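Two complexes are shown next, each including chain A; its partner changes from chain B in the first to chain C in the second.
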Partner chain A sequence: MGREITIKVLKYNPTDSQSTPTFVEYTLEETPGMTLYIALTKIKSSIDHDLTSDFVCRAGICGACGMLVNGKPQLACRTLTSDFEGGKIELLPLPTFKLIKDLSVDTGAWMEKMSLRVHSWIEKHEETDLAKLEKRVEPAVADEVFELDRCIECGICVASCSTAIMREDFVGAVGLNRVARFSIDPHDTRTDEDFYELIGDDDGIFGCMSLMACEDHCPKNLSLQSKIAYMRRKLVMS
Partner chain B sequence: MQIKYADALIIGGGLAGLRSAIATGAKGLDTIVLSLVPVKRSHSAAAQGGMQASLANSIMGEGDNEDVHFSDTVKGSDWGCDQEVARMFVTTAPKAIRELAAWGVPWSRVQKGDREVVINTKQTTITEKEEAHGLINARDFGGTKKWRTCYTADATGHTMLYAVANEAMRLGVKIEDKKEAISLIMQEDQCVGAIVRDLKDGTLCAYVAKGTMIATGGYGRIYKQSTNATICKGTGHAIAIEAGAYMGNMEAVQFHPTPIVPSGILLTEGCRGDGGVLRDKDGYRFMPDYEPEKKDLASRDVVSRRMLEHIKKGKGVPSPYGDHLWLDISILGREHVEKNLRDVRDISMTFNGIDPADPAEKGWMPVLPMQHYSMGGIRVTPEGHSVNIKGLFSCGEAACWDLHGFNRLGGNSVSETVVSGMIIGNYFADYCNTTEITISTAAVHQELDKQQRYLESLLELEGEENIYNIKDEMRRIMQEKVGIFRNGKDLEDAVSELKALLQKTKQIRITKKESHLNQELEEAYKVPMMLKVALCVAKGARDRTESRGAHYREDYLKRDDANWLNRTLSYWAAADDLEPTLKYEPLDIMKMEMPPAFRGYGKKGNTIENPLSQVRQEEVDSIVASHQGDRFTLQEKLMPFKLQPEYKRQNERIGEDNNG
Partner chain C sequence: MSQKGTIESLTGKNSQKKKSRIPAKMDFLQSATGAILALFITFHLLFESSILLGKESMYHLTKFFEGEFLIEGGSPLFIVFLALGISVVFILHALLAMRKFPSSYREYQRFRTHAKLMGHQDTNLWFIQISSGFMLFFLGSIHLFTMMTQAQNIGPFASSDRIYSDMAWPMYLMLLVSVVLHAGVGVYRLIVKWGWFDGSDPRASRRRHQKIIKGAVLFYLLIGLFSLATYIKIGYEHQADYGERYHLKGEVTHAD
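Entry: the complex of A and B
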């Protein structure tokens, strides 16, 4: 027998006029290696069929399951229940994003808006002949781009960010990191001036107050703060 | 109720669907992509180890080309694949990877000079050529002759998906997420769109299109233990089944050797490709005893069976979750693990508290074969068109066009997603461009009303059953009776038990009666769909009395080329049938470029020969002996294949002149 754990979830359905935000407590037996994915799936199938949450890969790869776990934004699928000594866990939906229901929030719409704003794609001038050798890239440069490309758009940096709460259109660490990523990609022909046009304002690179919560909580351990500082310096210089 | 119109409707927003959308968008078609989740969360993101393309840049890939990739793929498939499709694929794969590079996938690149690698557990120095410097690198993978799998550490699917999704966004492709297609709109034998449910507000909408493509990935979640994401339920297959479409080789299900125990999260084949090895409870490396040539890197079906065979000999490591084996990558050294296998390390540390870079036993990770990939799927032509429903296309893992036969090689699946997105996406675009449909709004409303009533009827059910229990029961049956080792009795039981479950789905009760934001209602319509898919798998497996690739029958141990060199077609003959009808489509040995033979791994002498194999081999040998000219004209003589001219062009490689 595992120990008994208690999971308290803030439930609310904003589309239902009868619904009010309410904490609901579930008690269940902990199994070895139990994650919040396993625990919530168990609750949904055997205790409360109405509980809503989002899980896709359940392996920390897709970024679908960010939520506040005892006040900290993190990926639920990577969170082991055994990490909580008293066996008491409180779950709230990620702030800043539009609530769909209970623990499910609309990160997709937010990320789409950000991506369109920062032109989150390779801009290039020449056509690629696919039958010819690929363009050469210095191995160290490819590794550097990969490092920044590891972001999974989970939204945890946004949910951790004070600017994002104050400024609805702030692109967040995720957006600034994305610009940094394209700015060092040799396939992208944009100049610093071009990037300044995209993010040279308070909703972009000058909105960050350097509180660093984004980097503290990033599940991919991206060095967001140094990238934001790097981009800011680069764009100011230009 | 609403009706939306598009030229091209694509169901599924993973790599295959998005790449297809880029193809239709480029040809000026009004395209809509539907996705259950924001597209960057699609299961494509979970592909770790890499993408096969015969670039031959790395010194260990020297001499690689389309011919070698073709041969590996056909052997991997245990001669179940369509060899013309395999040719289309290997010819396009180098172009696909170069396109992705231009779209920003930060492929690992070749560094000229010496580097240390681990080969057969020995530190070895290899020297990369000066002229390869900065070109795309490759690692070793199972069942391949050359190092051909290109990668971005072990997050290859992620970087590919982001690049393709970004490019689709740049081109202004319309993507609608949190949308689920729940049925196809049929007009006689033609598909003219889909009925789509909005997962946020529960409303139904009809999407009418000249052509409809299903690119919804695999059906792994019908199994209890699967590496697949929670959304890989096969519902894309199910709506095609319900429209009458033929499925191909649904019993061909791959079990990956190294998901971690107990969570079932995949640890990439790249672990072994980079030199990691499997060990048993004594720390002994057992694979060379079974597979002297390919060792830990035989094809996945073979390695998975050898592992279970070894466990049956009492060599497994006991644990609360049953016996498992160890995967050892500590021998690769900390630096390599932290750089090239960092997600593997992260998964192992997070879910199991094991740092696999730690030396020896301390770093060994517990692994056991689990369901991983669906070779079977919607049966389509090499152009991706359903063989029996006009206007319905499919590509990627959802389809059976049929690249993988009875076993897929590692690294060929993410590669297939984009390659089929290019090839089939373009054929699909041509179809949509040249097709006009006439449809009455009454017919559309009829299907809409039918689905609306169906969902309402589910909410009205007042039975005793719980849909979650039915789902768990299905997944248990598939796991225990339609798994790696199969036999006639278990399969017979599985079919009848699944049929009983399908009937039980009409005796459920849904707790909340809301028509939206009700995940239990979603289960209630998905589980019967999953059961239909599961029945295609189980019945196909029951009736296939041979062992081929991943389909392994303990009561029919041999690959039977005399009687079973064919493709299973399963379909629902009548809507209220409880099981699929099966029929078979023969493979023509006399047209094969590579007639059936020994794969080079697995048990020898385990084939019931078809006399035609010998006849065709002699024919091939004589064509080869008398051939004058390059390898391309020889190939054309052996087995001509159709492909868009821009994709058929010869691929440039360093050190290879155009005469091959």
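Entry: the complex of A and C
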């Protein structure tokens, strides 16, 4: 028999005028290797059918399940309940994103806006000749680009950032990392001046206050500190 | 109103549809002024602590900064100009850094709750930075103003009289703690922000920098507190002769 754990969740449905934000506590038995995904699924199927949370991949790949776990932004599907000694876990929806219901937030709309803002695609100054082979890329450079492509858009960096908490329009580490990714990619011919037009302001690179909660919470361990510093050094001079 | 300003304010860009370079310059200047102030304070606190080596050492150092090596007897005007220069940098830094403060109840409330929930070290350090920065608005100004208007009253006895008999010590105590914490966190932030000394493993470097800064903050707090205590002690013993100046033994002139 596993130990008993309590999971406290802030429940609220902003689209329902009858709903008021309230903390609800669920008690359940811990099973071996239980993740928060398993725990929440159990609660939803046997205690509270109304509880809402998002999961897709259950394996830390899709980025849908970010939430505040005892205050820390992290992926619920990669969090073991056994990590919490007292067996008490409090879950809150990720801040900075639009609340859909309970633990479910709309990171998608935010990420789309960010992608449009930083022009999150390859831009070329010259026309691509489809009859020709693509230019070769050094393996080391390709690796560097792929490394930054590992971002899963979970939004944890944004939800852990004090600048984003205070200033709604801040582009966030995910956005700055995206710009760094394209600025390294040799297929992209944009110059520092071009990138400056996208993020050269106090909502962009110069809004970052270097508090490093993004770096310390990113579930993919992306080196956000060095990439943000890299973009800052480039753009402050351009 | 200039057309240039109007176009930028309404469209966010200039007439060539380019963004302003001002935010870049402000970010750079915020760091540069912070770095200058931090560099200044690392030396200033060391020199000020010369009292720990005895009155004579502090006296010689004061004379050196009054330019004794240039003009005979030195002149407090050198100190006035130094204080004036530092004030300019100080005001510019405060003006730029102020932009980062939470500026409404909502911003403050969200920042504080989030920081408390998350319990993240560097986020908490930032709170120390803005709190100490806010205190420095007042404490730093008082100190700089005193140095500009009473530059002639620096010395083993004159400073001690100010600190003890003129009751400046509570102000200096708060100034010391806030400036050391602020500069310490500030320098750490500069290192992180610009990626200095990242090395091949930026994460390990960051942990190392945290340790070094912690050590430096402790060191400066200690020498600062000990020298403040020394000034208080000298001031206490000297209260009967308040206003009398220090002379080197065997010195004949009573110029200072």
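FYI, the second predicted complex is superposed on the first by the 228 of 238 C-alpha atoms of A that agree within 3 Å, B and C clash if a C-alpha of one lies under 4 Å from a C-alpha of the other, contacts with A are read in each partner's own complex, and residues count from 1 in each chain.
Quick note on the criterion: contacts are C-beta pairs under 8 Å (C-beta built on N, C-alpha and C of every residue); 3 or more make two chains touch, one makes a residue touch a chain.
Predicted model, so just to flag it, every value in this text is computed and none were measured.
K.L.:
Touch test for A:196: chain B only (first), chain C only (second), both, or neither?
P.N.:
The second partner, chain C, only.
K.L.:
Which of the two partners, first being chain B and second being chain C, lies in contact with A:64: first, second, both, or neither?
P.N.:
After superposing on A, A:64 lies in contact with chain B but is clear of chain C.
K.L.:
If we overlay the two complexes on their shared chain A, which of chain B and chain C does A:73 touch? Say first, second, both or neither.
P.N.:
Only chain C; A:73 stays clear of chain B.
K.L.:
With the two structures laid over each other on chain A, which partner does A:232 touch: chain B (first), chain C (second), both, or neither?
P.N.:
Touch partner of A:232: chain C, not chain B.
K.L.:
For A:210, using the defined touch cut-off, is the partner it touches chain B, chain C, both, or neither? Pick first, second, both or neither.
P.N.:
Only chain C is touched by A:210; chain B is not.
K.L.:
Between chain B (first) and chain C (second), which does A:125 come into contact with in this model arrangement: first, second, both, or neither?
P.N.:
It touches nothing on chain B or chain C.
K.L.:
Return first, second, both or neither, reflecting whether A:95 touches chain B, chain C, both chains, or no partner chain.
P.N.:
So A:95 only meets chain C here.
K.L.:
In the superposed model, does chain B or chain C contact more residues of chain A?
P.N.:
Of the two chains, more chain A residues are contacted by B.
K.L.:
Enumerate the residues of chain A that count as touching chain B in its complex and touching chain C in the other.
P.N.:
Comparing the two interfaces on chain A, one with chain B and one with chain C, no residues are shared.
K.L.:
Applying the document's contact rule, which stretches of chain C touch chain A when the two form their complex?
P.N.:
Contacts found on chain C: 18-21, 23-24, 26-28, 99-100, 102, 107, 110-111, 114-120, 122-123, 125-126, 189, 192-195, 198, 202-203, 206.
K.L.:
If you look only at chain A, which of its residues touch chain C in the complex?
P.N.:
Those residues of chain A that touch chain C are 68, 71-73, 92, 95, 160, 162, 165-167, 196-197, 200-202, 206, 208-213, 216-217, 223, 225-226, 229-230, 232-233, 235-238.
K.L.:
Under the definition above, what is the set of chain A residues touching chain B in their complex?
P.N.:
13, 15-16, 32-33, 35, 44-46, 49-52, 54-64, 78, 80, 100-101, 106-108, 111-112, 115-116, 119-124, 128, 130-139, 142-143, 145-146, 149-150, 152-153, 182, 185, 187-188
K.L.:
Hey, which residues of chain B end up touching chain A in the complex?
P.N.:
On the chain B side, the touching residues are 37-38, 40-43, 45-46, 55, 94-99, 101-104, 106-111, 133-137, 152-153, 155, 158-159, 162-163, 166-167, 169-170, 175, 177-178, 200-201, 229-231, 262-263, 265-266, 320, 343, 346-347, 350-352, 468, 472, 510-512, 514, 516-520, 646, 649-654.
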